[in-house]
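Next up: some structures, all given as C-alpha cells.
Next come two complexes built around subunit A: one with subunit B, the other with subunit C.
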Partner chain A sequence: MKQQHLIYLILGIAATALFVLFGEWCYELHYVNGFSDDMHNYELNTTVSVITALVPWAAAGIYYYAINSVRFDRWYHWLVVLALVMLITPVAGYMVTDSVMADNGKSYVAESVTFELLNMLWAAVLFVVASFSMRWWSSNCRHTPIPQ
Partner chain B sequence: MKKIIFVVLITAVVAVMAGTMLSCHRSTPLEKAIRQALVQQDTTQARFDSLCSIVASEPDRYKELLTDAGEPDALVLAKLIDEIGSTLRPPVRWDVARYAVKQLSLTIYFERSGSMVPYDAPGGRGQLKKAVNDLINFFPTGDKAGIKIVNDAIYPYSGSIDDFLQDRNIYASTQGVGNASYTDFQKIFNEILRVQQPGNVSVLVSDLIYSPADTRDVSLEKIFNEENSLATRIFKQYKGKSIVVHQLMGDYRGKYYPYNGKPFNYSGQRPFYLVVIADSRVIDSMAADAAFAQFMRPAGAVNSYRFNQAEQGVDCCVLPDWKDNSGRFRVDHHDPLRLTKCQGDRTTDVLCFSVAARLDGLQKDARFLADAANYHLRSMSGFTLKVTPITTDMFTGNNKSYLEGKTHLLTFAGKMQNAREEVTVSLTNDFPAWIERSSATTDVNPSAADFATTTLGLKEFLGGIASAFGSGGSYTTITVKLER
Partner chain C sequence: MRLFLLAIGGTGSRVLKSLLMLSAAGVRPVDDNGRPIPNLEIVPMIIDPHKSNEDLKRTEALLTNYRMIRTKLYGNQTDVDGFFANRIVTLREIMSDSTIQITDTFIFNLNAVEHAKFRDFIGYDTMNEANQALTSLLFADYQLENKMNIGFVGSPNIGSVALNEIKDSNEFKALANVFQQGDRIFFVSSIFGGTGAAGFPILVKNIRQAKNLDINNRDVLMRAPIGGVTVLPYFNLEHNEDHRIDKADFIVKTQSALYYYKETLTSQNDSELNAIFYVGDQEVSKPYAYDPGEHGQRNKAHLVELVSALAPLRFAGIADNRLTDPDGNPLKTLAFEFALEKDERNVDFLTFGASTRSVIYEPMVKFHLLFLYLQTGFKSMIGQGFTEDAPKITSDFVTSQFYRTLTEQFMRAYADWLTEMFDNNRSVQLFTVGERDMNRAIHGVNTRKGKLGFGHRVVDNNAFKSEMNRLSRDSNSYSARTVEFKLLDLFNRAATNLVRDRYENIN
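== the complex of A and B ==
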C-alpha cells in the first residue's frame, strides 16, 4: 500500500465529510426564496448531502471491489457507473425532499427539480473524489478511468 | 484474500463516514420535538406539555432542565426553545414563559354607590351585570373568584359566586353595605393594590366618577386637580402594575347625582368601566394566552386602554414570495428583517415588500391595528405603508409557515435611493383620544348631547394614572434593513 494512495484516501474522506458538514452552504450557492428556507427548516440539506455523499462512495466501492472485472475496466464502464450515480442520487434526493415537503403541506416541484439537477453535479464531483480515493487497491480496475 | 480485505476496509470507511456525518447532526429527542413543534407552528399549551413529558421521562439526561423540585423548568426550557427557534427561517418565537404562571386568581370589586344602582334597574338590559358575569365566567378559575363591594370602603360580598351570578338585582341584595353616598377612590385603589398577591387579577367595576365626601362649595376644577393628583400618587407607588380600562355602555334608569347639583331622573345610556389591575407580567401572560381571550376583550367594550404597557418585540418576518412584492430582494439567513440584493422593479423602480407580524399580543383592538394612521413610519426614501389584516384565504402551502400565527401584513413600497437604508415603523402609544372624548366637565344637564357618552372628570382621573406610569413611546417598533 503506497503512502501516496493512503493520502488520497484520507483526503477524499475529508473532502466528502466537509461537503456533508457544509452541505447547506454548498446548496445555497443557488438560493431560492422560500424553498431554501424550508430545506433548512426541515434539515433536508443535511439529509440530501448525506445521500449525495453515500451514493457515489457506495457506487465506487461496488465498481472497484465488487465488480472489479477486466471485462469492465474501460473508461466508458466507469462513465456508466458515473451516469448511474448522477441518476440515482437526484432521484433519491427528490423522493426524500418531496415526501417531507408533502407531509408538511408544501409543494416545490420546479424548485426541487432545479435543486436536484444541481445536486447531480455535486454527486458527479463526489464520485470522482471517491474513485480517486479508493481505486488504487482494486486488482482489475485500478487503471480506470485514467491509467496510473 | 487481499481483495476481500479491501472490500471490508472500504465498507468500513464508508460506514464510519456515514456514522460520523449523521452523529454531527444528531440532536436529542427533545430538541427534535421542539424543532418539529416550531416548524409546524404548533405552539400550544398541549404541545408544551408534551415537551415537558419528554423532559420528565428522562430526568438524568435533561437534569439541567429541571427545577429543584424535579419539575420541568419552563424558563430554562424557554431559553432552549428560543435558541432552536432562532435558527429557523424565519425565526420562530414561542413564549412558553407564560406557562409558568399557572394559577391566577380573580377578585371583583363591585362599586355600590348611589350612581351605580340604576345600571342594574329591573327595566334595563343589565349590560353591567352581564359584563361582570362574563368576567367571572371567562376567567379560567372564575368559579373561585372573590367578590367585594366597594363605596366608602371595601366590604365582603356575603353570597357565593353562584348567588352573585344568579342575582337579578345585585344592588337590592347588597343594600345597606357601606355608605353608598360617596366613593373613596383613594382608599379603594390603595387597598386593592396593597393586598394584591402576585398572581391575582383585580377588577373594579365602576362609573369612575370621583365623588368624595364633603365637597360642598368646592369648585370642580379643584376636584379635578385633586382627582388627578390622587391617581398619580396612588399608582406611582406600584410601577410593576398595569391597569387596563375598558369602557362599556349600559342602560341607566334611575336617579343621577350630579356634582354639586340637584339629583334628577335619567333614562338612557351611560358609560361604565371595568378597571383590570394586575402585575404587568400577569397582564402580558393573559394577553398571550388564548384561554384569557374573552376575559381580556370583554364583549361590549367600546374602548380600551392599557396603562403601563412596555414596548415589546413582536414576532415578524418578511414574506420572500408574495403577490404584492415588486422588485427583487433576498432575506438574510441570520437576520429575517435584513434584505440584501435589493433592486426596484425594472419598469417602475419601486421596491415593495411585506412583513407579516403578530400584533395580537399588543392588546389593541382590530380597528386600531388595521389603521395605518396609528403607525409612525421613518425611512430616507419616503417608503409608504399599507396595513392589511391576515386572513386564512391568503394562505398557500408555501407561505403558510410565514403567515400562520401572524395577524397583520405591513406592506412597504418605495424607490430606494441609497445603497443602504432602514425602514422603521412604530405603533405609537399615545394617550387615547377616546378618553378625552368621553370626559365631561359638567354633568348637570341630562339633555346635553354628550351626557350619554361622557363621564365627569374621566380625563383627569385616567390622566393621573398615565402620569404615574409615564406615557408616550410606542407599543412596538419594527426595523427592516435594506441593502442593494
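== the complex of A and C ==
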C-alpha cells in the first residue's frame, strides 16, 4: 500500500467528517426563512448531511470493490454511478425531510426540492472525494475515472 | 552452459524453427530433477550452402526476430521464466577475439563451397586421367556439374567432400575459441538427404580430431559433449521425371548412413557421440513439391520437426556424468527414440506421452493464448487498467519495432507454422486453427464447469485483463522494467493462473 494513497484516504475521510460536522453551516449558505429554521429545530440538517455522506461513500465502495469489473472500468461507467448518487441522495434526503416535517404538521415542498437540488451538488462533491480516497486499491477500476 | 546448435541442411533449418517456437513459448531445458539448466545460451549455426532455400530464409528471419524480441525483454539475462526464455545468440555476439572475422548472423559462411560447381571445387579439370576416371566412378555427371549454391541435391558423397572444408573456416575457429569446459555441441540433421547426412559425421570427426587442427582451445573442444538428432525419412515427394532426388532412395540412403554412423559415431568401443536421438515416422507426410533446390524449397512444417526440436533441450538437461567419464572422455553413446502415446493421424496434446506433455503443454497453451490476445484484445485495452500502471503502455507502443516484430512477423510465422503442421500428415491439431475464441482454441480441451455446476468457466480477453490488472496492482517490480517486459510477463503470469484455474487437465 503506497503511503501517498493512504494519505488520500485519510484526507477524504477527514473532509467527509468535516462536512457532517459542519453540515448545518453548509446548508445554511442557502438560508430560507422558516424552512431553514425548522430544518435546524428538527435536527434535519445533521440527518441529511449523514445521508449525503453515506450514499456517495457506499456507492464508491460498491463501484470500486463490489462491481470492480473490467466491463465497467471506463470513465462513463463512473459517471453513471455519479448520476445514481446524485439521484438517490436527494430523493432519500427529501423523503426523510418530508416525513419529519409532515409528522410536525409542516409542508415545505418547493423549499425541500430546492434544498435537495443543492444537496445533489454536495453529494457529487462527496462522491468525487470518496472515489479519489478509495480507488487506489481496486484491481480493475483504480484508474477510473482518470488514470492515476 | 552454452549449447552450440549446428543445424545442417533444410531439415536442420526446419527443426530449428520448431525449437524457436518452443523457446518463444517458454519451453526450457531441465535437468533430471526438473530444474531449469542455469546460465544457458543457445548458439545456433545453420550450415547449408543453399542460401536461397526458403526454409533457411524463414528460419534465419525468425532467429533474428527472436533475438531482437528477447533482447528487448530481458537484455543479456540468461535465467528467466516466461516467453522467449531461452537466450539465443550469434557466435559473433559471444566472441571476445576480434582477430577472427565473422559476420553477425546465424548462418555459417560457406563461401568457399557455395559459389562453385562440384567439379571445380575438387579441381576435376586439373586431375590426371586416372584420377578423373576414379572421380567419375564415385560421382555421377550431374553431381560433378552441380553448382553447390543449391545444396548437394540429396548427394551425401558431394557433401562429405565439400563440408570437410568447414574445419578451415573462420566460423569453426571462432567456435573453438569461445568453447569452454561445460559447453556442449548438438547437431540437427536428416539422414536421408545430402547436406545433413554428410555434414553431421564430418563435423563430429573434425571436432573429435581437433588436435590435428590449427585452432585455439582444441583440447577442450575435442572432449566436448556432443549430441545429435538424426531425422529419419519422414516426408514424401511428388512424382517427377528428374530423379536427382528420389524418394525411393530415402530408405536405402538411410540404411547406409545408419550403418556408417554405427561404425564411426556410435561404435560400442569408440563412441564419438555422447548422445544420439533418432526421430522418424513411417506415416509419410503429404507429398512435397519436387524441388532439388532451384526453386527455393519451402516445405511445410511437420510433427517430426517439432519432436526433433525437443532433442537439443533434452540433451542440455542430461547430467555430465551420464555423458562423460571423470576425464571428460565420452561414455558409451546414449541413444534415444521418441514415441507417441497413441498412434493417431491427428495429433493433439493428449497424443503425446506424459513426459512430453509436462514439457510443452502448458507453455504452448500460454503462448497460443498470447497470440490470440494480441490479435483480438490488447489494442483496445491500452489506456485502461494495467496499461496505466508504471511503466505506462501508451498507444505508441503498438507502432514500436518490438510490437510490430512480435505481432506482424513472429506471430505470423507462428500461425503459418501451426497451419502447416495442421495441413500435413500427421496432422498436428494442438490448437483449432483459425479459432479465436479462447474457450475453444485448445483442441480437445474444455474449460471447467462453473463454480455452482452451471455452465463453464470463461477464458476471454476480459478474464486476462482482470487478472493482469490484479497482478499489476500487487507488483512493485515493473516500474523499473520496460513496457515490453511488463506486458509479456504480466500476460505469462495471468495465463499461468487462468490455464490452471479454468481449463480442464492441462498437464
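As a working rule, the second predicted complex is superposed on the first by the 148 of 148 C-alpha atoms of A that agree within 3 Å, B and C clash if a C-alpha of one lies under 4 Å from a C-alpha of the other, contacts with A are read in each partner's own complex, and residues count from 1 in each chain.
In this section, a residue touches a chain if its C-beta (ideal position, glycine included) is under 8 Å from a C-beta of that chain, and two chains touch if they have at least 3 such contacts.
The structure presented is a predicted model; accordingly, all values stated were derived computationally and were not measured.
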{"item": "Joint occupancy of subunit A by subunit B and subunit C, clash or fit", "value": "fit"}
{"item": "Subunit B versus subunit C as contact partner of A:Y108, first or second or both or neither", "value": "first"}
{"item": "In the superposition, subunit B vs subunit C on subunit A residues touched", "value": "B"}
{"item": "Partner chain in contact with A:R74 - subunit B first, subunit C second, else both or neither", "value": "second"}
{"item": "First, second, both or neither for A:D37, with subunit B first and subunit C second", "value": "first"}
{"item": "Touching partner for A:Y65 - first (subunit B), second (subunit C), both, neither", "value": "first"}
{"item": "First, second, both or neither for A:T16, with subunit B first and subunit C second", "value": "first"}
{"item": "Partner chain(s) touched by A:W137 [first = subunit B, second = subunit C, both, neither]", "value": "both"}
{"item": "Touched partner set for A:L54, first subunit B, second subunit C, both or neither", "value": "first"}
{"item": "Minimum C-alpha separation between subunit B and subunit C after superposing on chain A, in Å", "value": "9"}
{"item": "Intersection of the subunit A residues that touch subunit B with those that touch subunit C", "value": "137, 139"}
{"item": "Residues of subunit B touching subunit A in the complex", "value": "2-3, 6-7, 9-11, 13-14, 17-18, 20-22, 24-25, 35, 39-40, 88-90, 320-321, 330-331, 333, 397-401"}
{"item": "Sites on subunit A touched by subunit C in the complex", "value": "69-71, 73-74, 137, 139-140, 142-143, 147-148"}
{"item": "Residues of subunit A defined as touching subunit B within the complex", "value": "9, 13, 16-17, 20-21, 28, 31, 33-35, 37-38, 40-43, 46, 50, 53-54, 57-58, 61, 64-66, 68, 104-108, 134, 137-139"}
{"item": "Of all residues in subunit C, those that touch subunit A in their complex", "value": "383-385, 388-389, 392, 462, 465-466, 469-470, 473"}
